[in-house]
Amino acid sequence: MKSRPMENEKKDWRFRLHEVIYESNTKAGKAFDVALLFAIFASIVVVMLDSVHSLHLRFGRLFNRAEWLFTALFTVEYILRLISIRRPWRYVFSLLGLIDLLALIPSYLSIVFVGAQSLLVFRAFRLLRIFRIFKLGEFLTEIHFLQQALKGSVRKISIFLLTVLTIAIILGSVMYLVEEKENGFSNIPESIYWAIVTITTVGYGDISPVTPIGKFVASIVMLIGYAIIAVPTGIITHDIALALKKRKELPEVCPSCAREGHDDDALFCKHCGSSLFR
Amino acid sequence: MKSRPMENEKKDWRFRLHEVIYESNTKAGKAFDVALLFAIFASIVVVMLDSVHSLHLRFGRLFNRAEWLFTALFTVEYILRLISIRRPWRYVFSLLGLIDLLALIPSYLSIVFVGAQSLLVFRAFRLLRIFRIFKLGEFLTEIHFLQQALKGSVRKISIFLLTVLTIAIILGSVMYLVEEKENGFSNIPESIYWAIVTITTVGYGDISPVTPIGKFVASIVMLIGYAIIAVPTGIITHDIALALKKRKELPEVCPSCAREGHDDDALFCKHCGSSLFR
Amino acid sequence: MKSRPMENEKKDWRFRLHEVIYESNTKAGKAFDVALLFAIFASIVVVMLDSVHSLHLRFGRLFNRAEWLFTALFTVEYILRLISIRRPWRYVFSLLGLIDLLALIPSYLSIVFVGAQSLLVFRAFRLLRIFRIFKLGEFLTEIHFLQQALKGSVRKISIFLLTVLTIAIILGSVMYLVEEKENGFSNIPESIYWAIVTITTVGYGDISPVTPIGKFVASIVMLIGYAIIAVPTGIITHDIALALKKRKELPEVCPSCAREGHDDDALFCKHCGSSLFR
Amino acid sequence: MKSRPMENEKKDWRFRLHEVIYESNTKAGKAFDVALLFAIFASIVVVMLDSVHSLHLRFGRLFNRAEWLFTALFTVEYILRLISIRRPWRYVFSLLGLIDLLALIPSYLSIVFVGAQSLLVFRAFRLLRIFRIFKLGEFLTEIHFLQQALKGSVRKISIFLLTVLTIAIILGSVMYLVEEKENGFSNIPESIYWAIVTITTVGYGDISPVTPIGKFVASIVMLIGYAIIAVPTGIITHDIALALKKRKELPEVCPSCAREGHDDDALFCKHCGSSLFR
């Protein structure tokens, strides 16, 4: 889309680079995206394996070289991204841009500060690029549909989570009064942590009530958690149904360019490329 | 809304105070509500941190002073609430009024009774005021919608929870017979506690079956719990869908004052302020 | 309803007794049902408390007397039930009749066999009578509605549970091969128990994978369990929606007696008393 | 269906054998399927019990003979399947064919390699034949309906699980940085395992946060897991509702053979036997 206004310009190397790196509707663009994701995944696997002590002792040097190789690769990618875009600062301060930078810094920091390398785990955030890959090919419809459905739920779910947190603070405070200090409920933050573990039905068991009165209160907390777990489900189910309805009632006229003639299963305007949703 | 009949009266300081403290549709009222919630939250954080032994040893005196500061603040707020309302007793015996009082008493009690200060955790209940804050601004629609949806579910969920409790009592009693006393199932209340922990899928693991027959019965209990967890979800999903339908069919005529002319997205009557829902 | 054909008979004491004990549409009948449920609940609480060792030592004799009192009471109730009904054997072999008998036998058995008293926990099954109490008064609509909704789900949920069991057997067998015997996966039934604990997201932690490969397989098992937990919910939500639709389309003509004139919110035919549902 | 083109051929023993083994619409075919499932179940029970050490010591030889008996039985069945079908290789390389073979090999391998017998647990996979049994008789409608409903969900659920996995990798990496190495978060794969255990609300408690900051991050992880557990439920509920709608709008004309005259509750064309669904 962004490449459209450039169409009539001379197709120089920067433009072609932009198309490969940022777009995914050309063959080269798709290949680049898939290759990049593999490189990200491989670099994370290296960081993962290096964190295992026994493997670090045996293959530590090999992992170190691989990490520097990936760092070099991602540095080149980062520079190419900078020079192939019109407004480099916009990319630098975008979410994906900041994550890309965050994935590079630890390696260079480790030259100066010993141990900074452990920050390499932030590379895991680059996995978020997987959602770009999803957009390739046949997954498009489902992803687009799910995104539309969940967009409407975010605010409702936030309110719900805030409510759960309030309930957890209140129930945790009550439990702090009720249960013995020695049984893990040694202070209020600890008790609130227990309340969250319980309401979400995770239930590690690292802290669990011991006295009869504590078990009684805990049973009530569990039943409450059991009943309210249904609320986010209800909200999301409802929003998915809503999104489906909208999908069926997709307008014949594009809401952006007002041109007609779209297929029944079209999700994007074939004239201007903008979403036909809402 | 309550201030409406006062409109033609002389706008004295008590009226303006009422507007700031109880209403939230003026700028001062909104600011007061937000500031109050911050004060509540800060006072709870102080109580929380004070409950951590290591922090209590180091900052105990500081926390104590902060707690008295907040107590003074909330006492002033409580008195202002009393003198700015027409029928003070009604506020005193309302739910929010009782919680406000409950948040003050422990501090004063601690002068006479050592240790009464630990009751300060009841301040957590004041967090319920967060639902008033929600009403401010843009969250209004979602909150109102969720409340409508859940109102219809309360009774059905209550029946469901009573049923789960009955099942837990029966299954707990059976497990008490089946499993060895030494493995944690030492008496029936304990076994019922285990059944609730299991059916709600919390699963602490503080009590878990050890004998083969016990594990067999527990597996059945888990599968039952797995199947019935779906019921409250189904109920709430259904009630949310129902509330949505109602929202769409909001009457053109206000059910309270029978006046017309409301916008499509209006949730409250613009003439009398009462809900257009049902 | 059963009392209807008797209406023209002489209203002798047996008939009136039947009305009090079996029916719940008269004042005396309602009072009897509520009183009975309280007696059942009290008798269960006594059995519960008696199972707690420390309480048994202190109040054992008191509990024993209370248990005999309740046994006498329930025996009288059982005899009254037998003589006030036309076909006593039908009641004896009905589900509720068998449970009523099961709640009596242990006490009398305990005279001959020491320890038989522990079977008194079966009294918990009498709590199922709570669903009769629900039918009293205002809960009727919700209970009736939920029953209709869930009736259609039973078969689908059964298939689902059988599928989950099959998956648990397969995954448990795989885990038995993969994980070390010493880590709790000592035999296949044990591994299947673990798989059920995991898929249902209970997660006691009494058995949990220790080796890397075991943790990897367990992660897959958990993600599978996470995904399929949605199926029963989907089924029940759908059936509740279906039941709601039916409720709205309740026929104007009773399907049993074909008479008309029912109110919009009527669930039962006002002429013959049979359900208007389906 | 496959037997149809053979109809005009001479009904030789191979054809009749095919009908019994592969089809389930004749009496003999149904009986064979049920008997086979019982044999599979019995053979799995034997493998299960043999894996229990104490039982192996007492009945080991008996179990060994039973295993060889079942192996012989299944070998005969496998050979009959091969000779009664037109294209044997197609069956051999089908999913069910491979599972059938996998269930035979371990026994024969155990003659050469000691211990290969433990692979007999793969027989559990033959339980998947239970879904064929389901198709017999009255469960047909529900199974067919559920299959249709879930078919549409598979792709969406896959995307969802991939997303959960990405979130687990990111959160696990963050937790590795935040929590002490001694508390179980000794390396990144271990931390990711913990994140999956937590997000899916299984919560074994074998690894759980110990430091305050770790508990804080864990609480956030739990609340996230609590909120997103609703997504697959929403998807499946929606797809079940969709399948139901389709079921109601079943075409009057068979999509395969274009002949009419089907009953309202028909799921398959009565002329050609193919599904009327879509």
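Per-chain residue numbering starts at 1, and chain names A, B, C and D are given in the order in which the chains are listed.
Simple rule for what comes next: contacts are C-beta pairs under 8 Å (C-beta built on N, C-alpha and C of every residue); 3 or more make two chains touch, one makes a residue touch a chain.
The chain list, named the UniProt way, goes like this: A, B, C, D = Ion transporter.
Note that the structure is a prediction, hence the values are computed from the model and not measured.
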{"item": "Higher-contact pair (C-beta pairs counted), C-D versus A-C", "value": "C-D"}
{"item": "Proportion of interface numbers common to subunit A and subunit D (over half same, under half different)", "value": "different"}
{"item": "Matching chain pair for A-B (criterion: over half of the contact pairs shared, by residue number), options B-D, A-C or B-C", "value": "B-C"}
{"item": "Most distant chain from subunit A by Cα centroid", "value": "C"}
{"item": "For subunit A paired with subunit C, centre-to-centre distance based on mean C-alpha positions, whole Å", "value": "43"}
{"item": "Intercentroid distance (Cα basis), subunit D paired with subunit C, Å", "value": "31"}
{"item": "Multi-partner residues of subunit A (at least 2 other chains)", "value": "160, 189, 192, 201-205, 229, 233-235, 237-238, 241"}
{"item": "Complex interface listing, subunit C residues touching subunit A", "value": "201-205, 233, 237"}
{"item": "Subunit B residues touching subunit A - in the complex, by the definition given at the top", "value": "44, 47-49, 51-53, 118-119, 121-122, 124-125, 127-128, 130-131, 134, 139, 142-143, 146, 149-150, 157, 160-161, 164-165, 189-190, 192-193, 196-197, 199-206, 229, 232-233, 235-241, 244"}
{"item": "Subunit B contact footprint on subunit A (complex, rising order)", "value": "155-156, 159-160, 162-163, 166, 169-170, 172-174, 176-177, 186-189, 192, 198, 201-205, 208, 212, 215-216, 218-219, 222-223, 225-227, 229-231, 233-235, 237-238, 241-242"}
